[in-house]
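Labels for the chains are A, B, C and D, by order of writing; each one numbers its residues from 1.
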Amino acid sequence: MSRKNKRSLKEKFSLKNSLVKEALSEFLGTFILIALGCGCVGQAVLSRGAHGGPMTVSVGFAMAVTIAVYVSGGVSGGHINPAVSLAMCVTGRLKWTKLPIYILAQFLGAFIGAAAVFGIYYNAFMEYSDGKLEVTGPNATAQIFATYPAPYLSLVNGFADQVMSTAVLLLAIFAIFDTKNNSVPKGLEPIAVGLLIIVLTCSLGMNSGCAMNPARDLGPRLFTAVAGWGMEVFTAGNNWWWVPIVAPLLGGVLGAMTYVIFIEIHHSDPQSGEDKDVHTKYELTNMA
Amino acid sequence: MSRKNKRSLKEKFSLKNSLVKEALSEFLGTFILIALGCGCVGQAVLSRGAHGGPMTVSVGFAMAVTIAVYVSGGVSGGHINPAVSLAMCVTGRLKWTKLPIYILAQFLGAFIGAAAVFGIYYNAFMEYSDGKLEVTGPNATAQIFATYPAPYLSLVNGFADQVMSTAVLLLAIFAIFDTKNNSVPKGLEPIAVGLLIIVLTCSLGMNSGCAMNPARDLGPRLFTAVAGWGMEVFTAGNNWWWVPIVAPLLGGVLGAMTYVIFIEIHHSDPQSGEDKDVHTKYELTNMA
Amino acid sequence: MSRKNKRSLKEKFSLKNSLVKEALSEFLGTFILIALGCGCVGQAVLSRGAHGGPMTVSVGFAMAVTIAVYVSGGVSGGHINPAVSLAMCVTGRLKWTKLPIYILAQFLGAFIGAAAVFGIYYNAFMEYSDGKLEVTGPNATAQIFATYPAPYLSLVNGFADQVMSTAVLLLAIFAIFDTKNNSVPKGLEPIAVGLLIIVLTCSLGMNSGCAMNPARDLGPRLFTAVAGWGMEVFTAGNNWWWVPIVAPLLGGVLGAMTYVIFIEIHHSDPQSGEDKDVHTKYELTNMA
Amino acid sequence: MSRKNKRSLKEKFSLKNSLVKEALSEFLGTFILIALGCGCVGQAVLSRGAHGGPMTVSVGFAMAVTIAVYVSGGVSGGHINPAVSLAMCVTGRLKWTKLPIYILAQFLGAFIGAAAVFGIYYNAFMEYSDGKLEVTGPNATAQIFATYPAPYLSLVNGFADQVMSTAVLLLAIFAIFDTKNNSVPKGLEPIAVGLLIIVLTCSLGMNSGCAMNPARDLGPRLFTAVAGWGMEVFTAGNNWWWVPIVAPLLGGVLGAMTYVIFIEIHHSDPQSGEDKDVHTKYELTNMA
């Protein structure tokens, strides 16, 4: 289409309301996250390890986060995670009135993303276990979409796991974006966040798959409930489903507060200029 | 050679016609893409897994894209893919008159790149199955060059797979280069595109090898047809060959349009300055 | 909380003393390093290879370093390693009076980080060997926390291994931060340091796990001693425990001095301007 | 040491002769390349796959190149490879008179680097095959240091392999550093070169280990000849040793010339300004 047509298209459909823009952005970002991220788990599970394993899942899911943040970062901040949005509200970085819209868009994006994975791999799902969609056992496929606890994991330990991993996630995100610390150059933050996801899934992924994101977990879980896996997706793992919703919300706020208390609050004020040079030049030097 | 000689060389051979320059650039870029990318598949297949596997193929092919875009990006935009070139035309980023030349150069580069892989691994091909070049079965080697569907895959599901993966490819490429979004710093886009290829091949690679590129698929397929694998390369997989040509062209346009409709069209005009600060500063902040 | 409340919080708790700030920063950075880094080893060991292997441990530990340096880099330099802090003192980049505080904060962070790994994987540890916490043998888990020598390794060879690997670590860190060499752009140094850790653990990790950091090794070792593995963590491997303390301190200084002598000392003075253009433009050119 | 002492040290030992500086830099860079790069092969071979495999060797060796270029890039250009230095001379980027010194420094660095690998893994070598240092057979260890052809590889095919892989190496390096193309931002070129090595070793590594560097191959080969593997390191593989010396020198020049002819020579002159905007802004756009 010519540039002129494009301009008139823009005039017709361009959204003036920034909240609607941001909702579209969070929806699209979370859709990408789940379609690609859960796709990586699907490829490893459905090929019984022939086309994927721990490394492709960890690196692939991490790069899904990176791409999702590139898609949505400039418009809505690229939260793609209610635990991130809540922590942003608590620390005054997002208006509370926007929170319900952000979370709704994230859940919708995750639900549709899960549907896309099921659609793209429909033949593979049918082949995998003769059309049976199972939540547990050797032919289980529900873990492609939502997370389930390892057999050994107690509810208390699992809750702590999700609090801690999401706390580290938010703490590190705050560091990556803190321009008074050694922050990542503009435009490369999504890659740094991806590297963060690699280490989180390699180190804290064994207990329960490292959800750290209520939308990433509940959206696809709801999809599996209606798509044929049934209500066992909620009862499995001692009614595990609520843990990756409640614990990340709590952990995210804890992690953000930890960063603020340990690091951010002690930055000297820029106007006072006190020891500004310490912050602006980051060498491996601390003679100050 | 001295700088003086070089200048006179430049005077003699330097091309004034930018379209010829761009064709050379797309040819060389696509050659690199296939020589290195299909080389990764070749190394994994021909060594029967001893020198490669899912991870080396995914990361290796992705870095082949990165290098190919570095080689051709500054001159011709580094499309190295007719689905990208078509989407650029549809969205007014490439002149339609250039499209046939771009596509021709891409196919030629892919064809010669496939020949290079065959030449470099000629001894290995002969060793692998006593000189027989097979399209299917345990000693198949045709999948080193072109993509073939998994046995379980229906044509409808396979077509949808190629539409969706190419749509995500283009959607993400548009985000990576959108300077009004959180775009990648100049000179690092090829690396971000490589990371995108990693997640696409880790998540959507199991059905049919994630071609997403008509030149990448048809060029090497034609080479195998003439180099000894025969016409079975076209009939195999229920005449699969046309799917990775038609579906990516469609998917690429869909993905580009999706990005424009969900994100790009809503950017405020820079001259109006309306909420410019929202776009120029990308913090995890949305107080506006 | 509102921005106003935040300001008053800042007034109440903000630390004026930069050394206390830096200690908090080193503590938090080293905590992240060990919680995530040793977490990667834990995931690979406790899942008996199902959720990790050499590649997830190498890449995961490296990215743990990257994230830890992002968290602490802008405040305290992101040493998270007494061998780094000592080398900084010896080369005049850190005040000697700060050294004991830096080292103490690093040890405390590492000790608490080890406790976090034990806590998060408590159920997994209990499951792994029926609650027995063993230092050696097929069900050993002590190597998740501290490093132990391979059975074939002599003390002399092991000492040399730790001297050399830490020397290369510091030499490369000095290059990465040397603005008169081809230094990494500001804000991306932590990623380059992560890539350095990948190659060090892939190349020099087999003898004794590549500790290169007295705090990373002794902190978690002390934790295991009190948490149930007992004093065998000190006697195992022919009393190995002191090697990853003494050798890295020595190696770090050697590596830093090597860089200074081979490269840094020969940089021309900026004020003389002698051959400044050689340093400011880094092309693959050396016509000077 | 205090800054004052450092200055006097500088006055005493600082080299005024830039060629000596550059030789030191190439020596140190190539030492790092071999000590870490061949260390990765050593870890995979000596642990019989327990601590490494194709992925750790490919990524590890690539990051060894990255670190080596960071160490030597700002002083001597970071060639660490006679094939690179020769291509730089042929294209007028390095004085011919400097070539012998560069190459000598590179060989020395590689030789000492190989000695470091042998020293660090001395106990492991002794354990591996009861002290026997073998060039061929199941307990061979010579391939840790130099490259050997696969059993199926003919000399003609092997020669072509080394010509082509080094040609792609140089072609891509020229693109990465070409500021009129979409070049990598200053200070990140070593990382892009590392990504290039990943794809080269994943795609063209199966025939003969992808030496692409006469110093990287002959230096360590000489070391093994004198350290106990004997003259079989030269006779093995049908006297293979000269191929990774001659073919890379030829291939490097071919690759560099290919880039110049296909891309560089057609850049419009900056002073004419003709279509400068095409080069300075790299979008996925080619409306010109």
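Observations
Everything below uses one rule, namely that a residue touches a chain if its C-beta (ideal position, glycine included) is under 8 Å from a C-beta of that chain, and two chains touch if they have at least 3 such contacts.
Being a predicted model, the structure only gives us computed values, none of them experimental.
Because chain B and chain D share one sequence, their contact can be compared position by position; here under half of the interface residue numbers appear on both sides.
Placing every chain at the mean of its C-alpha atoms, the farthest one from chain C is found to be B. If you lay the C-alpha trace of chain A over that of chain C, the rotation comes to 90 degrees, to the nearest 5. Chain C and chain D have Cα centroids separated by 28 Å. Note on chain placement: the centre of chain A and the centre of chain D lie 39 Å apart, centres being C-alpha means.
Contacts with at least two other chains are made by residues 55, 59, 185, 188 of chain B. Contact annotation for chain pairs lists A-B, A-C, B-D, C-D, with touch applied as defined.
Across the complex, chain C is touched by residues 1-3, 6, 9-10, 13-15, 18, 21-22, 24-25, 27-28, 32, 35-40, 42-43, 46-47, 50-53, 55-57, 59-61, 63-64, 66-67, 69-79, 84, 88, 93-95, 98, 116, 119-124, 126-127, 173, 177, 179, 185-191, 194 of chain D.
Of all the residues in chain A, the ones that touch chain C in their complex are 54-55, 58-59, 90-92, 150, 152-154, 157, 160-161, 164, 168, 171-172, 175-176, 178, 180-185, 188, 192, 195-196, 198-200, 202-207, 258-259, 261-263, 265-266, 275, 278-279, 282-288.
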